[in-house]
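These are the structures in question, set out in turn.
Next, two complexes with chain A in common: one pairs it with chain B, the other with chain C.
Moving on, here comes the complex of A and B:
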């Protein structure tokens, strides 16, 4: 049956929505990044001055490097833990079913609440974490006020909340592995490690990539944990780039043009990372 | 298959219908059984200025015949909804206790949005930037910078003509002059009114100081020495509590330290910042030294310092007088009967800085809402409301001379609200020459810059660089030198410096 009319017109509502919600704000951000705009004073055209100021700012480089460190470390730790747990609980048993249900709970709590809760847990005066450390005779650091403890605190909170997300994805990937392939490897005398390395891992790698991509994007735009746990402290030692944009562009004084310039740079930076990951994924698939 | 165990569709429908019908009938009966709401007659006489004024009441506007209306009332505002942005502080708690009376008299319905000061200021900045006028009455910090900046940006309504319409019982001359100055621009145009005013004080643990024979600090060196003496974190006691998060609170506290060392923010004649002047560096250095003995310094914001002091975790606290109120409350403080108060121990003898918060009217709201906002503003600052400031069930530093000087309001320093006494005396002493008490006005020294956004940028530069002192990565001199550089860049970019 031949379709009448142009089927591309059916895409129009979605395209209008994406244009209004995504492209227009981005285009407007590019426009205002060319202005020096300290609210509530009127904007003054400044050309590339905001970008010049950005690239000569120490805080720009430090928050960018903090973000790279944060994404790399958190992602590696989360992926390792998630894979290990997924392998442990993939078999069908009552305990594993219960564990899988329990794992979802941290993900269901709003991130803002999680950060507030952990801020109390890590409180150096009242917090239970230091209370138990004291009971064990261990040192009780100022978790949110000193480096590197502030980084440990941020990473622990993110792992607690979002590792289950990766666990669920990896579990789905493990369930998609044909059992007869694993059995065939067993019959051929392959060890557990060999089975995992040569049979299971290549088959789950594409799905791990997708899960990894989603986590990396989430980690790149992390904000609430820094805002509520450390406020970028100590000093500006835990500033992530998202916090840098907020602090410079909105908090305290509204330097909107500068904030917009920082956002555009971050968009390009994030885009480059995502494109790199996707290209790696396609290369991997082509090889497979 | 056992059919008698299955409930048929018809039976389910009957059961559901019965439940729903029962709910409807029950709800109707409950509604009819409620006592009727009394709706007053079409007019009610209210005693106001010079004689009776007839107020046309609606269902929500009534006043008892004996109430004195000593504030601005317009009966046509009855039914107006008034959005208010307020800080999450004791001041708002006290103000809200009077709202039922206001609503009963005027028929205006206040709707409060309460949040922390830093968050509220950010929200207000966005509100003014968008000119949305959501909040007709804004709770502005009136320390000489916020209301000034918003005024020159056109965000607040000038109120001189409005105050002229108030009944004579409002008695504007009774309002303490330093508070009027704090809410005005330099040409005398008034843009708000203070709800309270106070200054910074030192709260200390009388029991610890007496037991260990430590002198109550009277200068900054003694303050640092006392903080070091009581620094015992392994025993759950720190020397002092201080603000330390990168926001406005450390800025205001830092302001006291540089003031206490005789420092200034800028040279008003040349508009040059003075962040790296010897006095400012010295004051900052004292703050940095004290911070080593402060509990949870880098995370202390808003109410945290008072919470720690009230929990007995620190030997001293430096704070705004109204922020210290919970320390004396037995329900929130374990040290309510062990706390003493002393003047802020600056190095240089300076008049106490008056710090205060109050209300301004949003210039972008609708006229009716603006008028309703002004009505509430004058209600909260009216003589009859302010006269209750020092009663035990309330408690805020009043902003009217008649209340401050009334004989029944000279409290003993040992009574529950005794901590108000030094504040009251300082306020009287800060009256301008020729008025009650001949000391110079000690309004806030915060910079009044001619460009609206620059003041906020100024504060942000200071507290951002100060955060490095809190982190221990910079000395006071390094932080202030960097601040000077950043401030000069900002002032030049904004055309305030050549």
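Moving on, here comes the complex of A and C:
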């Protein structure tokens, strides 16, 4: 039976809302990026000056390369841990079921609270982390004020909060593998490694891809931990690009034209990464 | 056999280690919330005299607490209003779209679905500056509406993508039978279809609420004074030169509890929700 009613009418409110509240501000950002505009004094037309200023700023390049480094390292570490833990807790035991529920907890805590919590835990003078390191007779680094420890701190916090997300997705993927397929491979005498490589992995790859894509997108926009945990310190050593936009375009400086140019670059950058990942994935799937 | 039992014990030990690493930081958050600031700054990790001073300041003394960080029951209320209002509006806008994508074939259907999804992929920081200028221009800074209007746009992809999947699972025959009985389309959707997709509706609402409840960047930029939400107020509280950690973590416990409870209640569908319905968890 053909459905009554007009689907365009059903989608119209959502499309209008998204256009007005997301795509319109982005278009406006493109427009104001052509102005030298030190808010609230009036804007002055500047052509592409903001973009040339951006591309000749050392801080731009360091924030951007920090972001690439941050996303790549954190993603690889989290994925490895998540796969190991998912394989570890996939069997149904009482302990494993409890662990699966517990995994939900860190990612539900507001990121601001997680940042503040770890700012306390990592405090070099009175924080518990260095207290335990002291008790063990280990060196007690200045976690938040020194490189590379500040990066370790940021990565540890993100692992703590967001690896559970990947673990839960990998578990869902593992459960989607039909058990008789694995058993058939067992009967054929496949080793544990080749069972995983040739039976399980190809089947869980699509789900791993979705989880990975969402994780990369969220890592790219990471903000709270840099803002509240390291505050970009030491120097501008832990500036991520999101922090660069916030500080160069809004907080303190209010150079909104310059900030808008930086935003547009980030939008294109994120888009390019998303498209690359999707294309890589399809190439990988075609080969598998 | 003996080898097997040993490896099971090893596995359990590793799982316990995973649990410990999740629980320990939260345990310290609780422990610190019942310490005096003196005990905290002198690094009395375990041997301290418990006190409820932080809890009392945040929960009860809203009037006098103004001097030490603000009116916390009000901020809780702000968070609640902003989360519930944005979720309600996002459902109102998103549900028809989800239904349209689930039940109709039309030109550019995949393109439309992807356009809605793309909002989930845009980093909020990339439209923070133009959005801020628009809010100043409309003169609605420091109001609920300033954040609600943007939270809705983050929530719409969740509503559309998750609900589309759940609606597709309901057999079309249900609607066809209702149509033969002469039910109107709206009646059919609200009274027949939604109750059959109620799991989806619950997980969608919970994820929408969580998203607004935990949001920081826009709230921090647009709100101030009496309009701030809990995460924003928590960040301001931590900005004092001599931070009151016990108060900070009382706020932490209070603002973390509702999302955790909600998420555990909808545990069964959580993975499916978090991946916008793209993974059937």
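Everything that follows uses one rule, which is that the second predicted complex is superposed on the first by the 275 of 288 C-alpha atoms of A that agree within 3 Å, B and C clash if a C-alpha of one lies under 4 Å from a C-alpha of the other, contacts with A are read in each partner's own complex, and residues count from 1 in each chain.
Convention: contacts are C-beta pairs under 8 Å (C-beta built on N, C-alpha and C of every residue); 3 or more make two chains touch, one makes a residue touch a chain.
The structure displayed is predicted, hence computed values, not measured ones.
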Check your understanding: Once the shared chain is lined up, is A:71 touching chain B (first), chain C (second), both, or neither of them?
Key -> neither
Exercise for review: Could you look at A:237 and tell me whether it touches chain B, chain C, both or neither (first, second, both, neither)?
Suggested key: first
Check your understanding: Is A:21 in contact with chain B, with chain C, with both, or with neither (first, second, both, neither)?
Key -> second
Practice item. Please indicate which partner A:250 is in contact with in the superposed arrangement: first for chain B, second for chain C, both, or neither. Key: both
Review point. So, does A:38 touch the first partner chain B, the second partner chain C, both, or neither?
Key: first
**Study point:** Contacts of A:125 with chain B and chain C, given as first, second, both or neither
**Key:** both
Practice item. Based on the superposed arrangement, let me know which partner A:144 touches: chain B (first), chain C (second), both, or neither? Key: first
Practice item. Look at A:86 in the shared chain and tell me whether it touches chain B only, chain C only, both, or neither; answer first, second, both or neither. Key: neither
**Study point:** Partner chain(s) touched by A:10 [first = chain B, second = chain C, both, neither]
**Key:** second
Check your understanding: In this superposed model, does chain C or chain B come into contact with more residues of chain A?
Key -> C
Review point. For chain A, what residues appear in both contact lists, the one with chain B and the one with chain C?
Key: 39, 125, 250
Study note, to complete from the structure: So, in the complex, the side of chain A touching chain C is made of residues 1, 3-5, 7-8, 10-11, 13-15, 17-18, 21-22, 25-26, 28-29, 32, 39, 85, 88-89, 95-96, 98-99, 101-106, 108-113, 116-121, 125-126, 128, 131, 160, 164-165, 168-169, 171-173, 176, 207, 210-211, 214, 217, 220-221, 223-224, 227-228, 242, 245-246, 249-250, 256, 259-260, 263-264, 266-267, 270-271, 274
Check your understanding: For chain A, which residues count as touching chain B in their complex?
Key -> 36, 38-41, 123-125, 142, 144-145, 147, 231-237, 247, 250-255
Check your understanding: Tell me, which parts of chain C touch chain A in their complex?
Key -> 11-12, 14-16, 18-19, 21-23, 25-26, 28-29, 32, 40-43, 45, 93-94, 96-97, 99-101, 103-104, 106, 112, 115-116, 119-134, 149-150, 152-153, 156, 160, 172, 175-176, 179, 185, 210, 213-214, 216-217, 221, 230-232, 234-235, 238, 245, 248-249, 251-252, 255-256, 259-260, 262-264, 267, 270-272, 274-275, 278-281
Study note, to complete from the structure: So, in the complex, the side of chain B touching chain A is made of residues 122, 125-126, 128-129, 153, 155, 236, 245-248, 295-299, 301, 308, 313, 451-454, 456-457, 459-460, 463-464, 467-468, 470-474, 493-494
